[in-house]
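Some notes on the structure that comes next.
Think of it as A, B, C, D, E and F in the order they're written, each chain with its own count starting at 1.
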Amino acid sequence: MNELLQKPRKVYVSRTIEFNAAHRLFNPIWSDVENVGVYGKCSNKYGHGHNYLLEITICGVVDRNTGFLFDLKELKGILEEEITARFDHRHLNHDVPELQDCVPTTEVLAVLIWDILEKRLLAINNREITLHEVKLYETGKNAVRYLGE
Amino acid sequence: MNELLQKPRKVYVSRTIEFNAAHRLFNPIWSDVENVGVYGKCSNKYGHGHNYLLEITICGVVDRNTGFLFDLKELKGILEEEITARFDHRHLNHDVPELQDCVPTTEVLAVLIWDILEKRLLAINNREITLHEVKLYETGKNAVRYLGE
Amino acid sequence: MNELLQKPRKVYVSRTIEFNAAHRLFNPIWSDVENVGVYGKCSNKYGHGHNYLLEITICGVVDRNTGFLFDLKELKGILEEEITARFDHRHLNHDVPELQDCVPTTEVLAVLIWDILEKRLLAINNREITLHEVKLYETGKNAVRYLGE
Amino acid sequence: MNELLQKPRKVYVSRTIEFNAAHRLFNPIWSDVENVGVYGKCSNKYGHGHNYLLEITICGVVDRNTGFLFDLKELKGILEEEITARFDHRHLNHDVPELQDCVPTTEVLAVLIWDILEKRLLAINNREITLHEVKLYETGKNAVRYLGE
Amino acid sequence: MNELLQKPRKVYVSRTIEFNAAHRLFNPIWSDVENVGVYGKCSNKYGHGHNYLLEITICGVVDRNTGFLFDLKELKGILEEEITARFDHRHLNHDVPELQDCVPTTEVLAVLIWDILEKRLLAINNREITLHEVKLYETGKNAVRYLGE
Amino acid sequence: MNELLQKPRKVYVSRTIEFNAAHRLFNPIWSDVENVGVYGKCSNKYGHGHNYLLEITICGVVDRNTGFLFDLKELKGILEEEITARFDHRHLNHDVPELQDCVPTTEVLAVLIWDILEKRLLAINNREITLHEVKLYETGKNAVRYLGE
């Protein structure tokens, strides 16, 4: 089976999920006025929110038996446990321990998601599958990509 | 000019804007447990958030001189003053006085936006232009339409 | 609570889901040549497929206590049982008993979905909630709406 | 065949196409200054342009033999002849005779498309199929609907 | 002409097309139970289907006379012949000879499309244009990229 | 603050804007017939138009104090001045001096936008922020990326 996979084929597989969260951009080392200067209305006291769209990309060689890079059901389970359970319907400043000492910008959130998923994939990995990219859209107009560099 | 407008033509013009807000579904007449029963994770204490997409539709007869139903620059100004300034980058439960005695569901928010815009359009209206529909998307999957009924 | 709901407000609530199915347009009362004449490549023997996008709209008066038209968790459960379990990852000609005597065009499928959901909503309904519209996108370019007329 | 169509079912079928055109909003009965006052940068001398998205909706009773409202191949041919050939890759002010005495706003264009398609459908119509709606998006944010009223 | 192209400019040009196909994930070296274990409902007997979205990216230096990387009309013709004619409105397991010894996962399909287009582009190529990437979306949530590695 | 930024994190931040412009593909060194041969209907005399979608990507190390790569308000201002003011609601062949000696293909336009933004970012840059990619969509189906190579 899978004649096309006689030679190794390195592919990039992306999975997109959404989570709905509130956040406030505020750095406690600065005064309120300084925070408004840096973050504008994003520093409003009670926060605002977004439908975050997260695209995870993993890469590696396609398995010759399954024709898959990775079992999508397993990937969905991982994203459910690590991302949805942690961030969905949360206020990022109050409800996410990993962000306690951070300003939850899209950049910082993308980096955190990378760190969480890289560790998790390493733990379960018995093949040559690696996390390639985390792309996080805050809105349809703004996105941050992090590749572990 | 505008031969095609020799007879009256009734059109529906839609304008879509986005605002980013946090909210919490919580009714103080109920206990926390009852609120979780009704609203689930939407009742989490600090709230969560959305990129709300709002489509406003007005209707009336096209003006024979301009070929417009309504001056789009004026409509943009109205939406900026009435919607963006009121809801964007806000926590709906804390920052919007009109919602103080309400649970800010998408249904309630659509009704409030109708009431605000209908009053405003009546105040400025010197022609037969009426608010036809408020459509509010909480996510790409959920939307509420209100037509003033 | 919910000052805005002192007077009854009739809203339309839409929920969108996706299902992935195969189908073949073929009417056994006609010859193969006649079927190709009517359905073209849509009558290819083994079928082809689509990511069907289904938008269900229900309408009624907003509940003054919850601020909801209908419990979204309950609606999601109904759609899971009635639509996803029946159509998702199925070949419509082979796997759906209700379509055995039908050519599974988008029109026919929209009508069937209406009949299924209308019956289900009537069975559970203890308030004035009615099915308003079934809108089914076969592709981003083609859609059929059915309103029970 | 088509058990579900034993009773008449009235459906609304939509087809979406795109055309790319230039236009200038300018009314020759006014001075340049007056035109800028009404149309702003939309009155710039050489025009600007859009990827217009056009959604045509027809309605009627589903045919019991085919399961179709209307042959989609025929509808595609009509839209190709009447819309694409007339508007695509054109400058609406210079290249479209029907718009010579009009300011080509989205409102006017939607009305013209209605008039063209209604006449064409009447000419070919041997069943109870009617044009229901023309919806024209100038951008993702602005749209005009015309229903022949 | 084309002052900006006095120095060579390497660009990446993408073209997106859609095809509608059915497929079944099933490996005949395994039992039905094993197939369900690996592929779940994707191994249902008669298959299901998708609106596949395919984004092809080619790269090379912009031509100083035309301002194009490649004649888009020619690229459209190639994609029509090699992709649409082969996959659109087909059942991938039954109708595509190149997939006879394969499980038609998105990964395998992306690899096949690369092999087909790379060979075709080499055959016609008289300039330094190379296939850069094949990106295939099975749904809006799942995509596979292959870059020939 | 910003524990996650103790080590340098290189991110890619994208911002998407839209501008509406007309253009004509025509090279004066060729006859009209030759232009039609190369550009087809894109060489129609008065031009046509598009809703251009432009995605700008910058990259660099996240600032440990702000959690930002770059102040988004500042980036928005730059894009307003350099892109919107120059291209929006313009006819690219007539209104943009930088394109006077060019055929305004999407390729050429992407290269010009790169040159403009690279110069501007160098002028204001006091940190290690670089322009990474210009991606310009002429329609939803056609896009050009330029990375400064």
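Everything below uses one rule, namely that contacts are C-beta pairs under 8 Å (C-beta built on N, C-alpha and C of every residue); 3 or more make two chains touch, one makes a residue touch a chain.
Values in this document were obtained by computation on a predicted structure and should not be read as measured data.
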Steps needed, at fewest, to go from chain A to chain C via touching chains: 2
Smallest count of steps, each to a touching chain, taking chain C to chain D: 1
Option reproducing the contacts of A-F, where over half of them reappear, out of C-D, D-F or C-E: C-D
Relative to chain F, chain with the most remote C-alpha centre: C
Separation of chain B from chain C, taking each centre as the mean of its C-alpha atoms, in whole Å: 27
Chain centre separation (chain D, chain E; CA means) in Å: 33
Distance between the centres, which are taken as Cα means, of chain D and chain A, whole angstrom: 42
Per-residue overlap in chain D, given as positions that touch at least 2 other chains: 140
Pairwise touch network: line, ring, star, complete, or other: other
All touching chain pairs, where touch follows the definition stated at the start: A-B, A-E, A-F, B-C, B-D, C-D, C-E, D-F, E-F
Chain C to chain D touching residues, read off their complex: 25, 27-29, 38, 40, 98, 101-108, 110-112, 115, 140-147, 149
Partner chain B, residues of chain C touching it in the complex: 1-5, 9-17, 57, 62, 65-69, 71-73
Residues of chain B defined as touching chain A within the complex: 18, 20-23, 41-42, 44-51, 88-91, 93-95, 139-140
